[in-house]
Amino acid sequence: MRTWITDEPIDVSDVLSSVGSDADGAALLFLGTVREQNEGRPVQGMRYDAYAGMAASVLSEIAGEAGERAGTDRISVVHRTGELQIGDVSVAIAVSSPHRAEAFDAARYVIEQIKLRLPVWKHEHYTDGSAEWLDGATPPAPAAESAAVPAPGTVKP
Amino acid sequence: MRTWITDEPIDVSDVLSSVGSDADGAALLFLGTVREQNEGRPVQGMRYDAYAGMAASVLSEIAGEAGERAGTDRISVVHRTGELQIGDVSVAIAVSSPHRAEAFDAARYVIEQIKLRLPVWKHEHYTDGSAEWLDGATPPAPAAESAAVPAPGTVKP
Amino acid sequence: MRIQLLLFALYRDLTGVSELDVQVPDGATAGVALADLRARDARFGRLPERPVIAINREYALLDAPLADGDELALLPPVAGG
Amino acid sequence: MRIQLLLFALYRDLTGVSELDVQVPDGATAGVALADLRARDARFGRLPERPVIAINREYALLDAPLADGDELALLPPVAGG
């Protein structure tokens, strides 16, 4: 399991080759890339801002959850920050697992959770010189403090 | 759209880089690899036999269907034949599309249809020297000949 | 008429035949051609009675008619991927 | 007590503040601390009343209590990927 946030270009071959094992019959690599237009507006580029310290731990949590669901620890996820051009890779997710369904499910879970929970923001620049923060998702509220405290007698040693 | 059958090792970077466009925000690469065991039996290697001429056209059909479903023509699929070792890539599927759901769906469709319809057979060799043809899928029956003939008046010019 | 018969994988192992140029009754369907072969050549008796087939590289039904020069392939359950 | 306040993206643009070391009432929840800030500093009036927050890099509820030295982040809707 390897997760990181970087402001350097993502080496996708490196991400892919960090997963895989003789026990695995399936490997999957997902890439998110910057598109040339968004809802019809021609895009010049995109700046990704992150709450870097928190993003690193959220990304690691997400990968851990995906690995648990899929029964594999061969998961690598990297998210880019900084100024990106059209076609640049903003996120790369690699998973390998004994069977294909798990690899698909895990990669899909990671990208959906990234969009839902990762503290990252996109500042899109348009060819007309304007720029905008893209609409985002409201992360699920954490469990209330009181609910997180185990009831007496339920604490595991 | 690029599909082919090969008895040479698959260059996965090449397959991945054959998809992608400035219009696409998602790219996906799926790899099938030879596992070290199958239902508990230690595997030495695998020979893939194909009805090559037919496999090429079925693969092209499958990719066409996936592209139509996903609304993208950025799909590459290659299937390997011949003797493979543990870890060797037997199939590589790359798809890119404007949004992620389509890329996931198309790649998944291609691999499921390959397993269902591609005239390829696996001869698995075990470390104890034995070998076996793997159980396969029965491809869906084609439509009956009569059903394929359009009713009078329904023929498009 | 003559057709080109192709066998693969397990069916090749069962019969010892991979490719065969054979005479079949004029106007025979694939099913009739196979029954005819089975009656004449014991090796084909080792195959399932209703195998999946392809005619000229396309999946076909056993009741599809054959034409002279067709390529008829007998396909064991497939296992790509 | 003092906390470290962090703002990102749109919230940073709206307030002109990215990072601020601030005094908040002892024992305040995050919500109370924000209300206090809003009362004292007009810039924070431009933010939504109930933003998503993180305390010490974990998502938290506005009624979560703060401790001296905590890092309180105000997070606009996120857009990773």
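Chains here go by letter, A, B, C and D, matching the order in which they are written, and residues are numbered from 1 within each.
The rule is short, and it goes like this: a residue touches a chain if its C-beta (ideal position, glycine included) is under 8 Å from a C-beta of that chain, and two chains touch if they have at least 3 such contacts.
Quick caveat: nothing in here was measured; it's all calculated off a predicted structure.
The chains touching chain A as well as chain D do not exist; no chain touches both.
At the far end from chain B, in terms of centres built from Cα atoms, lies D.
Each chain gets one centre point, the mean of its Cα atoms, and the points for chain A and chain C are 51 Å apart.
If each chain is reduced to the centroid of its CA atoms, chain C and chain D end up 75 Å from each other. We define each chain's centre as the mean of its Cα atoms; on that basis chain A and chain B are separated by 27 Å. Across the assembly, chain B contributes residues 32, 100, 111 that each touch 2 or more other chains. Those residues of chain D in touch with two or more other chains are numbered 81.
Here, these are the chain pairs in contact: A-B, A-D, B-C. Residues of chain B touching chain C in their complex: 32, 49, 51, 53-55, 57, 79, 90-91, 111, 114-123, 133-139, 141-142, 144-145. Within the complex formed with chain A, the residues of chain B that make contact are 12-13, 16, 20, 22-37, 86-87, 96, 98, 100, 103-104, 107-108, 111. The touching residues of chain C, counted against chain B in their complex, run 6, 8-10, 13, 52, 54, 57-61, 63-65, 73, 75-81.
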